[in-house]
Structures are given as structure tokens and as C-alpha cells.
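Below are structures written as C-alpha cells.
Across the two complexes that follow, subunit A remains constant while its partner is subunit B and subsequently subunit C.
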Partner chain A sequence: MTTSTDNAPAQWWLQCQRAAAARFAALPMPGRQDPNWRFAGAPDADLASYQPAAGLGEAEREQALAASDNAFATAGGAVFGNEQLLSFTAADDALAKQGVIFEPLTVALARHPDLLQKHFMSQPVALGSEKFAALHRANCNHGILLYVPAKVRITLPLTAWHWLAGDRQAVFPHTLIIAEAGSEVTFADFYRSLGTAPGLAVSVTDLLVGAGARVTYLGCQDWNEQVRSCHLNAISVGRDAGAKTLNCNLGGASARVESHSRLTGVGARSEMLGLSVGHGAQEFDQRTRQDHRAPRTWSDLLYKNILNHRAKAVFAGLIKVAPGAPQTDAYQTNRNLLLSDEAEADSMPGLEIANDDVKCSHGATTGQIDPEALFYLLQRGIPRHEADYLLAVGFTEEVLARFGHDPINTRLRAMIADKFRRGKRRQVGPADDAAAGSANARHPQHPV
Partner chain B sequence: MSRIEIRNLHASVAGREILQGLNLVLPWGEVHALMGPNGSGKSTLSKVMAGHPDYAVTAGEVLLDGENILAMEPDERARKGLFMAFQYPSEIPGVTIANFIRAALQARLPEGGELDAVEFYQTLYQKMDELEMDRAFTARAVNDGFSGGEKKRNEILQMAMLNPAYAVLDETDSGLDIDALRIVADGVNRLRGPHLGALVITHYQRLLNYIVPDHVHVMVQGRIVRSGGKELALELEARGYDWIIKEAGLTVTPEPADGAAR
Partner chain C sequence: MSGTADKPDLHLEVEAGNFHYPEDYAYDAGRGLTAETVNYICDVKRDPDWIREFRLRALEIFAKRANPTHWASKDLDTLDFDQIRYYLAKGQQAKRSWEEVPEDVKRTFERLGVPEKERKFLAGVEAQFDSEAAYSNIKQAVADEGVIFVGSTEGLHHYPEIFRPWFGKVIPSGDNKYAALNSAVFSGGSFIYVPKGVKLKHPLQAYFRINAEQFGQFERTLIIADEGAELTYMEGCTAPKFETATLHSAVVELVALRGAKIQYITVQNWSANVFNLVTKRGLAMEEAEIKWIDCNIGSRLTMKYPGVVLQGRKARGEVVSIALANNGQHQDTGAKMIHAADETTSNIIAKSISIGKGRASYRGLVHIPKHLRGCKNNTECDALLINSDSRTDTYPAISVRGHGNSAQHEASVSKVSAEQIFYMRQRGLTEAQAMSLSVNGFVNDLVSQFPIEYSVELKRLIDLEMEGSVG
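Moving on to the complex of A and B:
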């Protein structure tokens, strides 16, 4: 550990960034012919039109800070805006005395280079966004390091709010959580915009869950509806450890999520949840992997999408069981609720099993609101729009119940309700719809 | 004027005519039983009154306090005061009973009105206690994983909370054991009075031992063929339906059960 307080990045870090920039330049832009990008829109070759974000003005800083409202008690938190740290609430002294490290990356680079050298992006990106991982590595300077020593249990969640503002700005938020043996921690990332300008966000959250540790994670993507985003979430789960992750998509013009669980220790468990609410011409592209590499490992995935108007969701998931992972239990479910005839859901569940001592299942369903359920609500006097809303919100509850963290769920419910309200306003008149359509024509809808 | 009046109602489902010129008057403040063999169209009548989209009305009127409700959307009919207790209530995953009933009550308030949450829960708990429902049910999703008896109690709970002017209870006794039947019937009886008109649809007389009707109507092949006092139900129990079908000049060839056209 170094005692330097100089925040200038170390040489090794700059070298990694330069190497990543070279990788980014060398890697081809993924195309629809790539199996990892099937059903996704054609990639955007125009990444150069985005500028690395350059801070926020005073008014925007105030606005971001005021809106970074967890509405639940936390053990620590950070607020970032356009690649600036706007505020930081350290973990309390008791946790610090136990060895908990909760630091912005800029500080951690100076104080804990060993941890970062060992773990920063140590889990390879393998679900199609290698080029964007390189872009992130080349540009990332901000984010969070959270290190929880063995047997330390942090009962309250920690959070990070990541804000994006300004025209064609790009941000690269990073969260690295290292939970040592027997520790426990809950963390939530919130990704949001100020204003409605187009932007680019490539975020990475890596969770390293040591033997017997428990990590609960929420990634809540609520950028504005002109932002293209790519969120790469790697989860490595050790012996008898458990990870529970929920990746939400509410905002974004096109948002890609890759969530990759690697069950590396005997008895490891990973519960992978997804919840997306889309309207207008939003596109959500979700790629998941349940990688069973050790015996007696368990994973259960549930991704639910609610799509209105012309919104589109892709779900492609693979359960992969290694020869050395007998007695694996692995389940995968994708459910889509379409609220309009134009909405589209493409589902590609998959299994790749290399031993015969496993219990696996996968399934996908896509449907509209159950007409009998709707009639039941109408018969009670509930107006059509309210009935649709109640049924759609009801569809989300299964995921929230599985996530099971009440304070975070309460916050999420409010954000989901807000998203549905935005959708309702969209439906108000054809003029509004036409305006949305022309905006979409200027910014074609597909993942970057 | 305070009554539901059904005039010459014809309705079909999937091109098959089920209601064939039905006439019925249900005055406010009375409880009428609607009986009939399977396939006579009893459940169809309840669905048509409530406005189920699968049923096409080809002729006739349903007047609620003098106003024809057939052109109204189902939710508007409900807010006019028409309640239907379903034979097979839908499961609504993720929507709690409390939120569901609150939304239904909220829909009855004037624009901008807000329900008093404390008062709401007080009333809800009181009605649940009366129906011997565990208060924990408020946080459960509507009918999700409920037993048959729990579903029917939940229907009566909603009826008690919404306080309708008219209620159609569709085979509320089906699938109930005797204890559940008593609880559900007590629930209906508590709501009886000058401010409720109820049409109790049942295949069996058993329910009418508990909910004693003011009048009994017998429906066969989409029409009311006989009306009488409560003793008519006992006569049907003793003699079956065949004699009444023959007296109506119809042939005894039961059509597929109501459930088939559900």
C-alpha cells in the first residue's frame, strides 16, 4: 500500500488504459452476424461523435445532488456527475476499523493499487461487448471500490448515483466490489440523466464473492431516452457463496446489459434477476450467462420485460455447465408482457451441458395482458388505463419479491411508477407520438 | 325506477345464441334467485350484464335505474353500481387485495379525491373479520394461490367494500364446503336491505337455505320460463327441472354446460 496522496494516475494504470485503447481500436465493431448480437440493432460506428464528459456546471451539480435521493438508510454512498465526484459519504468509523474500504476510484488508485491491479476488470467480458469493455478500460477514471474483509457484515446498503448531462457526452462508471470469505454486503448503482440530450454510457460492475460471502446488487439504468448504454456485470461466486443481482432497465434509447455469473466454488449460488420497462422506441438488449464450473452449484435467472408502443427487448441467455460441475441446478426464465401490438420481444434461451448429473430448465413466454384479468378489474369499476397499469405493475412484483430487499424495492417501485407515468404522457396525443418518432429518426435505435 | 329491468335480451357467444329473449325485473332492496339446469345461460346472463367482451348482444336492453347500460364499458357499468361476484375469479399476480380494492374505491371518487387510508384499512379489517378472513390476506395478491373458498370470500369482501346498488352472484356456492357456504351466505345477508338488489344465480337449492330469496326465477334455454316465491326453489329441489322444461313446451336436451362457453 502506498501512502501517496497524489491523485495523478499511476503509470501502470495509464499503461492499462493505453493498451485498452489499442485493443478497442483493433477489435471489430460487432455486427448482427455475430451470434452475441442476434436480433440487436446494427451497431453504431459513430462512437467518435461522443465527447468524454467534462464535468457539470454549478446548477447541474446542485440538481444532481438533490435528485440523488436513496430514500433509504445507507452505510455509505457516492454521487458522480459527468466523470466528477460530486459527493461522498464514507462508511462509518466502525466499518473502517473492521477494514472495510469504500473509496472513489481516484482515491483507491493512490491508496490501494494492489487491490485494483489484482481485481480491476479481472473477469473477462465474454458475451459480445469485448470492444466496449476495452472502451471502458481505456476511459474509466471514476467509480467505486468497495472491499469487505472476511466475516464483516454490512447490514445497510451502499449506493452510487451516476449522472450524465450535456450533448453527446460519454461516461464510464465503474463499481468493483470485493467481498471476502463470509462477508455480507448490499450495493445499488443508479444511472440517471439530467436533461434530455443524447449521450453514451459504458458502465462496468464487477462482483467478486468470496467463499461463504453474500452479495446483493442492484443496477438500475434510468438514463434519459436519448442515451445509448452498455452495462457489463460480471459476478464471480466462490465456495458456498451467494450472489443476488437485479439489473433494471427503465431509461435509455438503447440499452445493452451483459450479466455473466461464474460459479467457481463448490456450492456457489447465483440468483440473476432482470426487470425492464420500455415504451416509445426503446430497445433493451440483454445477454446472460450462467457459467457452472464447480460441483453442486445453483443458479436461477428470471428476466421480465414489459414493453409498450414500439419498444423492443432481446433476451439471450445461456446456461453452461462444465464437465467438472456435476449436481448443478440451473434455471432460466424470461417472461415478456407486451402492452401494444407493435412491441416486440425476442427470446433466445439456451443450454450447453457437458455432464449428465444436472437439473436444468429454461423457458420463455411472451404474452399480452390476460383479458379475463382485465375484465375482472374493469368489473370492479377500475378504468381501463388504471387496470392496465395495475396489471403491468403486478407483473413486476415477482422480480421484486425475489430480490427481497424492502427499502431498495420501495425506491424501485417509485421509479417504476414514474416510468409508467412517463409512458402514459407519451400516449396522450398523436402529436406527441409523431415528435417521438422524428426524434428517433435522428438517432437511429440500436445499441452502439 | 330503482331496479334493473332486462327486456327481450338476446345474446350470443362465438356465433351461438345463448340468451333468447330474456325478461327479468330486479327491484332495489330485493333478493332474487336465478335457477336453471346446466347450460341454460345463467352465467352468460351475468357476463352480458357486466359487459364481458366475448358476448355479443343482438337485441334487447338492460336498464339500470332506467338507463340502458349495454352501450357502456364494463368499468362504467360497475361505477353505476353493478357488481358481479364471479364464479371463477381471476388470479391477479402482483396486485395485493388492499391495492386492488383501494383502486376500485378510488375510481368511485370525484376527480382529485383521495381515499382516507386509515379509514380504508379500518373498514377493510372490519369486513375481513366478519368474513373470518385473516388480515394477512390484504398483502396477498388477488386470488393468487387461493383455495376455492378463499376466492369466494374475497368476492364477498369486495362486494362489502364497494357497496354496490345491484349485485349478481354467479354460482357463489360452487366449490364451497358447508362452513365456507355459511360464511359467504352470512356475508351476503349482512349486505341485504333496502339499498341492495341482488340476483343470486345457483344451480342448487342448498344456497337458498342460507340466502332466502324474495323471488325465484327459473331459466331454461336462454329465457325465464317461470317465476315464483321462495317455495319454487324447494319444489325444484324435490322434482328436478324436467317437468318445468316440459311445461314450458321445450325439449329436455341439455346444452353444453355454462363452463364450456365461459
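Moving on to the complex of A and C:
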């Protein structure tokens, strides 16, 4: 085991970063020919124009801290801004006594290098963003380590807020959660911006769910609409364990989310949820994999997208059942609601099954608001824009109900409502002339 | 064809196809593909200059394009284009004796009840099966209504005014590597024109016509249904077609003008050494309807995604697909629906069965762009897996924009229900019979859309493929 001083990162860590920087330089920028990037907008080739963020000014710091409002009770939390730890609320003593480790990465590097060496980005990235994973590994210095020892159950959620501010700044937030056998934990990451400057965010979340453990995770992306982001979720689920993850996209100019769930233990279960609300010219590119590698495993995926104006969503999911994973149950659903004529939904739900003893199905639908449901509301005197809003919100509820964590859901509902409000304001924006025109066309006189 | 999991793998089957035959063809373009080969083909076929140019341009595209192995099977890279014969003239194909035909092919003929004479033709023992008479009868019957039903070479020589405006328009040479290959070296295939308002009551069977002039390796078919015309076209047959050539690459273009209806039925049962890489697409104008019924049983690797470009308002496209993949086979099939006009609708129903180590893949493309209104697509894919090492994949791509457009896709993967098998065994059926019955039930609603003689043979063929897959 290498030793390390308190302040400077350990040698092994720096070596890994240097190796990753070399990997990043060597890997080609993914292009449209790559099946993992089909339908995707070209990734920003000009990555060099961003610079690693270096902390926030005093005013921004106050602003970020004030806005990092969970609105629900937590067992601990952290606030980061531009690659700087702004505040940290440690888990209480009772949890610490049981062996729970909840630390910022900078601290964990000194105290628990063994855990980091073993688990930090230990699962290979396989869904197309290998280059961005290398970029993250080369630059990541901030984030969270959460280690939950065997049989410890943390009832309240823990959270981390990640803020980005300033012109063409880049951040690389990381969350590593290790849940040992029989433990339980809920964690939420919120990614947000101060101001409206363009930026870059490459975040990674590693979830390692041990035998019989339960992990519930929310990654809520609400960067400003100039930020390009890439979020990589690696989930590994052990014997009889359960992982439930929700990836929520509200902000960003273009956001790519990869969520790869590996069901490695017998009886493992993974529920993968996604919810995106897009307007303006936002692009959400979502790639998922349900990797069944052990017998009697179960996975169920539901990704829902609501798209207004010229927003675009790509969903590409793959259920992969290995020959050695009989009695697999795997399901995959993608539903797209188009609120305008120019919104675009590209859906690629895939299956690769190498075993006959499985129950697998997938479905994808793309459509508009159900005219009958709309008629019902109009008939009761609800104005058209209000009816549209209610039905769109209703469309999100299925995902939240499946996520099932009421306090977090309440917070999410507020953020989703805020997003719809922003969308309404946007309709008059000059950038969306075409979208606004068609949106007006979509609001004919009510039937009398 | 049929077999159990321990059946010898595909390399041995490839060996089984290596027949020796005397190499003294009257017209033989030799092995390998160069501009010389293409010019040779043009000279022999006395192609007009525009066809020669068309072929040479396509050859350039073919040479430039890489195999699409970034998404398709790596097996494509085993094709050695320098070892392939691209043109053998009429009546100059392989001769072999009945003794050289593998036992399982003979057994299949037996079980399907293929007539003695026809068996020899199908096995390549006799160069020509006497279907000249049947073909002439069909040709005569439809000619009275002004229908043109000839080979593609005859079509381009005698009816250039109809042939040329549409040829290569639905599937340009640059569409994909294998469409380019076909465009460079095509020979054989059909040309059909059905005049305005003519509704053909009986299907046109390519079987008889092609038998009369030999199956082509690089067939090129062009079918044009003029306004309000209707026809059904059938190609292939359920009996296994034993072939020594390892690469077959056809291009089929359909044009349905306003209000026309075309139904194109294919039953593909090449022997298990054949790469079958086919591009099929139809162009449906206003209120026209194109329906592909596609059944793939044979070949080593089939890549075929029949498509419809819905070019006119209220056009309708449909693909019904059945694929059966046994040991050593990969059926990579699917459908493409390109919506290009308002209120167009499309429907895709695909069912596949994987037996032993067979692999069946569905690849789909549904495209509804933003300026359109009221377009709808429905896609259903079901896969049935028979053995524990059988494999199936589904790769749809659905792209939707625009006003009031909607698409829905559903797929499921299952195995034969143990309860069903138990029920049938309890009533005295063997496990194999029960499996067969269950599999036939799985595809029954699609098989019943085939003409009766095909659907009867298909059922027998499924029974045959299922043999030895259980127990």
C-alpha cells in the first residue's frame, strides 16, 4: 500500500491521472459512424477551449450554498462548486460508529486509499464514452466516497450538490458508493449552474451494491442551457441485491447520460429509471445497458422524455443476457411525448439474448398528448395551456411513482415544475422563432 | 439443415458444398472482380452504353466501401471477393451427379414431397427443370392484359422507355456495398410492368420463369405497377436450393404508382454455405400499398431489410417477416419504413425462431421527419428460443418528429411454454411433435398470409427443422 501525505494526492492517484490523460489523448473522438453515437449530435470537439474550474468567488459561494436546498432531511451532505468543497455535513456519530465512511474525495484519498484503489472507476465504460471517462479520470479531484458496512441501514438520504459557474469552466464531479452485504442507503446528486455561461461537466457515479444490499440513487442534471455534459453511471449489483437508479435531465445544452447496470450475482435486481424534460434546442442522449450475467436476475427500465420546441432525445438501450444467465427477467420501456412539431425522439431499444430461459420484452412509443384526455380537461373549463401542462406533468408521475422516495420526489416535482415554467417563458425567445410559431399554431381556438 | 446442438459446425457444411465440376464454361468471367470483368459481362450481354456506365460507376462504389462490420456480422469479412465467379452464362452452371447431393437435402425433398424431376433441378443435378411450359402459359395469360413479365436483361433491351426511368432509382448503387456489387455485375431477375388499372388475379411466380433460365447469383428485379394496378409476385420456394456459389446478392426495386398495390412474397431456403445479402425496397406513391412477405429459412448469413419509401400521401407499407435460424445460421433480417409524405402508415410484424446455436436478429428503421403530419407506424417483433444456446437480438431504430405522428414498437422474447408441452405430451404427442406444434402455432398467423401451397410446405419445413432440436 502506498502512503500519502495529508495534502498532496498520493503518487498512485497522480499516476492514474497521467495514464488517463494519455488514454484521453490517444482515443479518437467518437463519430457518427460509431453505433454507440448513432443519432447523437456531434460531441464538442473543441474540448481544449474549456479549462478546469478553480473555485468560486465569495458572492457565488454564498449563492451556491443558499441554493443547495434539499428541502428534505438528510443523513449527511456535501456542496461542491467549481472543483472546490464549499460545505460538508458529515454523517452523524451513530453512523460513523457503525463504520459508515462519508467523506469528500480529497479526504478519502488520504484516509481510505485502499477503497479508492479497489473501486474507483473499477467498472469499464463500454457504451461509447471511453474518451470522456478518461477525461474524467485524468481531471477528477472532487466528489464523494460513501462506504456503508455490512448490514448497516441508513434511513435518511445523503446528498451532494455540484455547482458550475463562469465562462467555459469544466468540472468533473465523482460519486463512489460502496454498499456492503445487507446494507441500505439512498443518495442524491444534484448538478446545477450559477449564471448562464457555457461550461463542460463530465461526471461519473460508481455504485457497487454488495450481496443483499439496497441502493437507491438519483442523479438530477439541471445545468444551465449552455452547458455540455456527460454523465456516466456504472452500477454493479451482487447476489440478491437491488439497485434503483433515476437519471433526470432538465438542463444542459446537450447532455449525454450512460447508465450501465451489471447484474453479477444470482438474484440481483436493477430498476433503471429516466426522466427528461427538454425545450428550446436541448439535446438529451441516453444510452443504457442491462447486462445480465448471473441466473435469476431481474431488471426493469423505464425512460420517459417530454420534448417541446426543437428539443431532441435519443434513447438507445440494450438488454444483454449472457448464456450463463438463465431465468432472467428483463424489461425495457421508452416513452416519448412530443409537445411540438419540431421536437425529435430517436429510440433504439435493443435486445441481445443468448439464453432461452428468459422473459424479455421491450417497447417504445412516441406520440403526442392524447386528444381524448385533452378534450376531457378542456370540456371542464381548463384552459388549453393548463391542460397541456397537467397532462405533461401527469406523464412524469409514472417514473416518480416507480422511484418511490417521497421526500426526494417532492423536491424533483418542484424542479420539474420550474423547468416547465422556464419552457413557457422561452417560447418568446428569439432563438426559438420557429418553435414559437408552431407552438402558437398548436393552440387553436378551444372547441366551444 | 436440421440438427441438434452437437451437429458439426458450419465449416463442415461449407465443405459439403464444395463440389467438383468441369471448368469449361462457354461464357465465364473468371474469378475476381475488376473493370475487365464488368466489361466482359457487358459484352456478353450486349448491354447498352448507359448500362455499362452504370455498372462501372457501381464497381467504383463497391471497391470504395468497406464491409459494414462496425454494426453487422464479422462473418462478412470471410468473404473473399477475389475467389468469386461473377458471371456464368445461361446453361453453363454447375453439373453434378445425384450421388453427390448431401443426404439431408435429399431427405428434405422427400419430406416436402418435391416431384422427382424437380428435385434433380433443385439439387443442381439437372441444369434445367422443365418449367418452360408453365412459364409460357403464365406469360401468355397476362400478356393479353398488357402485362410485361420478362427477365431483367430482356426488359432493359425491349422496354427501355419504361425500364430506364425507374431502374436504380429506388435503390441507388450507393445505397450499400452489396447493392453496389449487384449494380456492377447483375444478371437475371425479373422485369414486370402492370398497366393502369389492371388487377392480376393470380400471383406471378418467379419460380417458373427463373427455372426456365437458371437462378441468378446477382439477380436484379424491377416491378412497376402503374396507377391502380395490383399484383402479387412470388419468388423462391420452400424446397432447399442447393448452391455451390457462396455469395448471393440481389437487388429488388418495386414502384407502386398512385393507388397501386404490390405484394411481394419471398421464401428463401439457400443451403447453409450461402451468404445471402439482399437489398429490397419499394416506392409507394399516393394511396399506393406495398407489402413484403419475407420468409428466411436457409443460408449461412442472410442480411435483408425490405423497406418501403412512403412517397405519396396516404401510402401504406407493410413487412411481414419470418426467420428461422438453425445451427451455423445467422438470420439478420428486419424492415425499413421511410415516411416521406403526410398520413402515411406502416406496419411491421416480425417473428423469429432460433434453434440450436442459431442466431436470429431483427434490425429495424422507422423514420418520420418533421414536416409531416398524421403518420403512424406499428412494429411488433417476437422471438422464440428453442435451445439454451440459441440466440436472438433486436435492434430497432425509431426516429419521430412532426405533427400528430406516432410510432410504437414492441418486442418480446420467449421460449416454448413448458405447460403447453406438458399438455400435449399428456395427450400422447412426443416431445418433438409437441415442440413442432407449438412453434407452428407461434408463426401460424403469419404463415397463413402465404399462398396455401407455400403455407403447407412451410409447416412441413418447420417440423423438419425442429427434428432433433429437443431431447
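Throughout what follows, the second predicted complex is superposed on the first by the 422 of 448 C-alpha atoms of A that agree within 3 Å, B and C clash if a C-alpha of one lies under 4 Å from a C-alpha of the other, contacts with A are read in each partner's own complex, and residues count from 1 in each chain.
The definition used in the following text is that a contact is a pair of C-beta atoms (placed from the backbone, for glycine too) under 8 Å apart; a residue touches a chain by one contact, two chains touch by 3 or more.
Not measured: the values here are computed from a predicted model.
Placing subunit B and subunit C on a common subunit A by superposition gives a fit, with no clash between them.
Counting the residues of subunit A that each partner touches, subunit B and subunit C differ, and the larger count belongs to C.
Within the superposed three-chain model, A:Pro383 lies in touch with subunit B and out of touch with subunit C [touch as defined at top]. With both structures placed on the common chain, the touch criterion links A:Leu338 to subunit C but leaves subunit B unconnected. Once chain A of one complex is fitted onto chain A of the other, the partner contacts of A:Pro323 are limited to subunit C, with no touch recorded for subunit B.
In the superposition on chain A, contact of A:Gln33 is made with subunit C only, not with subunit B. Looking at the shared chain after the overlay, A:Leu391 reaches subunit B, while subunit C stays out of its contact range. With both structures placed on the common chain, the touch criterion links A:Phe375 to subunit B but leaves subunit C unconnected.
In the superposition on chain A, contact of A:Ala354 is made with subunit C only, not with subunit B. In the superposed model, the angle subtended at the C-alpha centre of subunit A by the C-alpha centres of subunit B and subunit C comes to 80 degrees, rounded to the nearest 10.
Annotation: superposed on chain A, subunit B and subunit C show a minimal Cα-Cα gap of 14 Å. Residue overlap on subunit A between the subunit B contacts of one complex and the subunit C contacts of the other is empty.
Listing the residues of subunit C that touch subunit A in their complex gives 70-71, 354, 370, 383, 385-415. Within the complex, the subunit A residues that touch subunit B are 370-373, 375-384, 386-387, 390-391, 393-398. Interface residues of subunit A, counted against subunit C in their complex, comprise 33-35, 38-39, 323, 326, 336, 338, 341-368, 438. Across the complex, subunit B meets subunit A through its residues 50-53, 73-75, 78-79, 83-84, 86, 89-95, 99-101, 103-104, 107-108, 141, 158, 162.
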